[in-house]
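Two complexes come next, and they have one chain in common, chain A, joined by chain B in the first and chain C in the second.
Moving on, here comes the complex of A and B:
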C-alpha cells in the first residue's frame, strides 16, 4: 500500500496552492483531504515511483510495500540533500543499510 | 477540487490557445522535441500539453540507472543498427534506425551538461556496463530535463489530458483535452503537432494484481495508457507492428527491471536445477546474447517444463557489488530495495527470483506505433510522432527516444515553414469532442465504473490475447473471443460513470486502451506465424512464415470504422544476415 502519509508530520503544505506531493504525482493520486492533510486517493494505482516521498518537505510520506508482496515492517527513507540523496533502508529484521547517491552534477563537474 | 467539477455540459469552461508547435506528452521524448524546436528557432511558440506534471511524468518518474544505447568510440551507427536488427528478430525500419543512431550521443551529452551524473572510468570516459549501455545516476534526470525545458521558454500546460486531434480537412492542426484539476476544456490550435504520449501499459492483467492492492505493480509506467496511439487510431493514422508486443523477464512479484543485474553484473539466469538456461539450452540463439524475445520466453518455457522457479544468480556477487547494485536500483526503481528489505532477502545468499511481465505495447522497446516517414511525420499531415508512441525502431530506449524527439522537431519545423495561420472553422468538431469527453460526468450513476471496465478488459486480454497467465500463448479462436469482448466493451463505454475529474481521466484511460486493444488483436490475428516466441507465440502457427517477412500495418477505415490490416515490404539498407549482430 504505497504512500503512507504520517498525519503528525503532514501540514498540507499550507503555503502552496497545492501540496507538493499533489503537484508532482504522475498518477494524479495525491490530493488534499478534508482534514487539510495529504491523502492518496487510490493506493492500488500507485507505481511506487517515490516522487511524493522525495518531494515532501516535512518527510511526512513513507513508501510502503503492499503486504501482499512483502512482509511488515520495512522502511526506505530518502533524505534529499544538495546534489545527493541519502537513503536509509531498514529491513524486517531491523538491519539498517545506508546509501549516499549523487543525483546531480555540481557546477565544477560540468567542464 | 470538487468546485471545479462541471455540473452540466453547458457550464464547461473553454480555454482557447494557439501555438506554432504543440507537443503532446512532456516525458523524455516530448521534452527533447520541445527543447530542440526552441533551439532551432527561439521565436517559435512551443507548447507542451501534459497529463501530469513534466517534473515527474512518463517513464522516468522514478529515474533510470543506465542509458541502454550509446555508441562507444570505435563503433558506428551501422554497428548499432545491425545489433538492434538481430535482437528484434530481423524486423526494423533501417532508414529510421540509422538516423536515430547517428543522433544518439548528442542528447545524452547535453543532459550531462544540464546536470545528469554519468558514471566515469578513472580516465574520465563513460563507464559502459554492456556493449552499448552506459551507467548513469538518473534518479533526478526528469526534474533536470523539466528545468531545462522551462528555461528554454517552452509553454507548459500541466494536468491536461489530451483526448482528440483538431482537424482541418485531412491535416492535424492541434489537439483538445480536459483539465484534470480545473475541469476546463482545452482547445490548442497548432501549425504542427508532435505526439509523444508514450506507449501502453495496463492493456493486460498483470499477475501481480491478483486480488490485492498493487494493481499498478507493473514494469512499464502505468500512467502511459496508449492514449497517444488511440488518438491516431480514431483518426485513421497508420499503425505498425502492434503484434510485436514487449514482455520481458522481470524480478518476480515486484515486476522490476532485470538488466541492471544480468547485464551489469554478468549474473546468469538459472533454473531450479541450477542450470544456466541461456548458455546451456539456448546456445544456438546466442546464449546470454540471444535476442530479447528469446530471453523473455526462456524462463517461462523452463517453468512450463517443470524446471521453475527461475532465478538470476546473485550469489557470486561481492558485498561491494551488491551495494552498487542496490544503489543502481535506487536510481531507477527505488522501491525494489524496499521490496528486498520487506522480504528480508540477502541476495548474497538467496538469488533473485524472476518471472515474465505482463505484455506492453511500447515503441521504445519493440517496433509498435505510428508509421512515420524520415521526417517523423505520420501518415496524417501535420502530425509527427516520437518516443514510445512512434513505430518501426525497436531498442530505442531512453537515448533513442531523446534523439527521436529532436528529429521529430526538425521535421515539424520544416513542415510549418509555409504555414501562416490556422483559419479553418473548427467549432463543430470542438462541440462534438467536448460532449464526448465530459459524457461520463453526466451519465447515470447506476452505470459502469472505470475500474470495472479496466479490470474486465485486462482479464479478457490476459486470457484470450496471450497474457502472462497464459504464458503469452495465442490462437485464432481465443483471439476471436478477445475481439468479441473488446468490441462489446467499446459499445458499452456509453455507460461509463465518473463521479469526479480523476475518475473522468480513468474513464478516458480505459476508452483509449480499448481502442489500442482492438487494433492489437487484429495485428495478432494477421500474423499467422510465430516470429518472436514469447512476444508473439501463435500455438496454431508455431513456425516462421517467410511470406510474412515484412511489416504488418493497420488503419481504421474512416468510412466503416473497421480496422484494416495490410503489409508493407521490408527495406534492407545494411547488407548481411539480418539475424546476425555483426557482418
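Moving on, here comes the complex of A and C:
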C-alpha cells in the first residue's frame, strides 16, 4: 500500500526543488505536487520500504499497511531519534507493541 | 573525545555537605566506570580553592573535567581563566550547578542521588565532546560529509546568515550568525553544530538521565539561555520548589531543540519533556517559539498515531517580565513627541490631557510595549521622561557620592557586609572599609560571616532592632545572589525597595593582588548604592504572583504525570 502524505503537516520541505522523500525514494515515486506538497505519483509501484516515512523531517508521511499483513487499525510508525528509531506496531486487534532499533554505534549506557 | 573524565565537588565549606552526604556521593560516583577520579575541596571560588584545584587536578591533554558547585557567573569566569594552566580545554569542562538545581529547591530526601544523577549526565555529555571543526568557528558549522543539501537551515534561519558555497552546501556566515541554534534544531539529519553545542553531546546527556531512584516522574526541561534559564534560577533562589526529578538542560533558544532529541528522551524512558521558552518574547524576531511550537505539533500528531500519551511533551511559554516602565511628568512634558521618534518599540501614544486647565498633548506610554530602555530619557529636551528604575536625580546623586566622597546617609541606614567565612577578608580589608564608612556617617555597619544562610538574617533582624529602613548589602554574587537575599529580607520584614546590593566578590576577583584597590572599589560601590537608594521610586509586587503561577503549573503537571504512570519505554 502506498504512502499517505498528511497535507497539514507536509511543508514540501519548504517548497524545495526536490523534497527529501523524492531524494530518498528508491523507485523515484515521490515528487512535489502543484500545491507544494509531496505526492506519490504511482501508487501501485510502491513496495513499502518506508524510506520516505523515516526521512520526512515533519513526520508527515504515513505508510498504510498492505491488506495481506493487516486491516485498518494496524499501523507501523517509526519515530526518529539521533541514533535510534523507535517503532510502534499496532496489530489488527489494536494491540500495541514498541521496540527500539539502534541505527548508529554509540557508547553503551552503564551505571 | 576525552580519554578520561574527572569530577570535582566543591563542599562550599560545609554549607553544601549538610544537604548532600559527600562521602556517599563520592562513593557512588567512584563506582561509575566512566569517571576516572573524584576530588572534593572547599570554597573553589576562593584563592585558596584555586590553588588547591591546581594541585589536585593533574590530567592529560585530552581529559574532561566536571565541576559540581554553584554556578554564579563569577565562578564560571574564574574557572575559565584557570583552565589553560590545568591543561584542560574549556569545551571539555562542564559546571554542574548542584546548589541551584538540587540543594536550593529542597527539602529533598534524595538530594544525594539527584546530585549524582546530574553529575553523571554532565559526565556523559563531556565524554561525547569532540571537535568537528566547530570549536574554532564563530557560527554554526555544517558537517558536509552528511549534509544532503535540503536547505531547511537556510529557510528557517531568522537572520538569513546562510548562503550556498561553490559545491552547493549551505554555509553560515559567521558575521551574521547569532548562534541561536535554530538551524541545529531544524536539521532533519542533525548535522549542524554550534561552537558549544553538538546534538550528539545533548543526546548522550539526555540518555544518562535516570532520576534519583524514587517513584517520582522524571522531567527533562529545556531552558533557553537568554530568558528562562536565568528566570527559573531566580525563582528557585526566591524559594520556588521544582519537581523532584526535574533535570535542566540549557540551550541557546527553544528552536535549537531538535525533535530527534525529544524522541531520544522519550525512548530512553524519560517521563516527560518540557520546553520552557518565551511567549512572543523579546527575541521574537528569531521566531524560535513559533517554529518550535509548529515542530511540537507535528511530533504530537505522530505520537498520537503511535498511541503514546501526548501530555508527555509540552511547551510552556514563560510570562515575560513586566518592566518597571517610564514615568512621564505631565507638568513638564511639552508634547514635542521627540520620544515617539526615537522609541524603538513604538510605545509612545500621544494623548490630549487637561493639564492645569489647558488641554495639552502628553506623550503617554503603552505599558505593555514600553521596555523602559531609557532612550527617550536621553532624547527628551524637557526632561519629562524618567525611568522608574533609575531616575536622573538618582544618577546625579550617585555620581556625587562617587566623585566627592560626601554622602549624607539617612539616620538608621544600615550597611551589612558579608566576609564569606573569611574568604573575602583575604583580599578586602573590612576594618578599613568600616572606618571609612563610619567617617561618612554610617552608624550601623555590621559584618557577618555567612549571609547566604537564613540564620544569619534572623540574627541580623535581632541586631537591627532599631528598625533600619534602608540597607546596603555587600556580599558575593551579583544580582543573582541579590534575589536569594530578597527572600530572606522578606522573611525578616525589610522593605525590598529600600535595599541595595554591592558585589564584593567581583572586586576581590578584579584585584586579587591589591587589597587597597579592592577595598576602595568596594567602599565606593557601597557609597554610590546608598546614594541610589535615596530617590527610589521602584515598584515591586508583581513577582509573588508570577512565582505562584509557575509553581502551581508544575505541581499540577506532576499530578497529571503521576496519573499517566511511568513511560512505557522505561526499563524494568
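Throughout what follows, the second predicted complex is superposed on the first by the 99 of 111 C-alpha atoms of A that agree within 3 Å, B and C clash if a C-alpha of one lies under 4 Å from a C-alpha of the other, contacts with A are read in each partner's own complex, and residues count from 1 in each chain.
Note that a residue touches a chain if its C-beta (ideal position, glycine included) is under 8 Å from a C-beta of that chain, and two chains touch if they have at least 3 such contacts.
Everything numeric here is computed off the predicted structure, so don't read it as measured data.
In the superposed model, A:57 makes contact with chain C only, not with chain B. Within the superposed three-chain model, A:90 lies in touch with chain B and with chain C [touch as defined at top]. Look at A:75: by the touch rule set out above, it reaches both chain B and chain C. Of the two partner chains, chain B is the only one that A:105 touches; chain C does not reach it.
Contacts of A:20 after superposition on the shared chain: chain C is touched, whereas chain B is not.
Contacts of A:9 after superposition: chain C is touched, whereas chain B is not reached. Judged by the document's definition of touching, chain A residues 23, 75, 90, 109-110 lie at the interface with chain B and also at the interface with chain C. Those residues of chain B lying in contact with chain A across their complex are 1, 52-53, 55-58, 61-62, 112-113, 115-117, 137, 139-140, 144, 159, 180-181, 208-209, 212-218, 221-223, 253-254, 323, 326-327, 330-331, 333-335, 337-344, 502, 505.
In the complex of the two chains, the chain A residues touching chain B come out as 1-2, 18, 23-28, 31, 41, 43-51, 63-66, 68-72, 74-76, 78, 85, 87, 89-93, 95, 97, 99, 101-105, 109-110. Only residues 31-34, 127-128, 148, 150-152, 155-156, 186, 188, 190, 199-200, 203-204, 207-208, 210, 258-261, 263-264, 266-267, 298-299, 301-303, 305-308, 568-569 of chain C touch chain A when the two sit together in their complex. By the touch criterion given at the top, residues 6, 9, 13-14, 16, 20, 23, 55-60, 62, 75, 77, 79-84, 86, 88, 90, 96, 98, 100, 106-107, 109-111 of chain A touch chain C in their complex.
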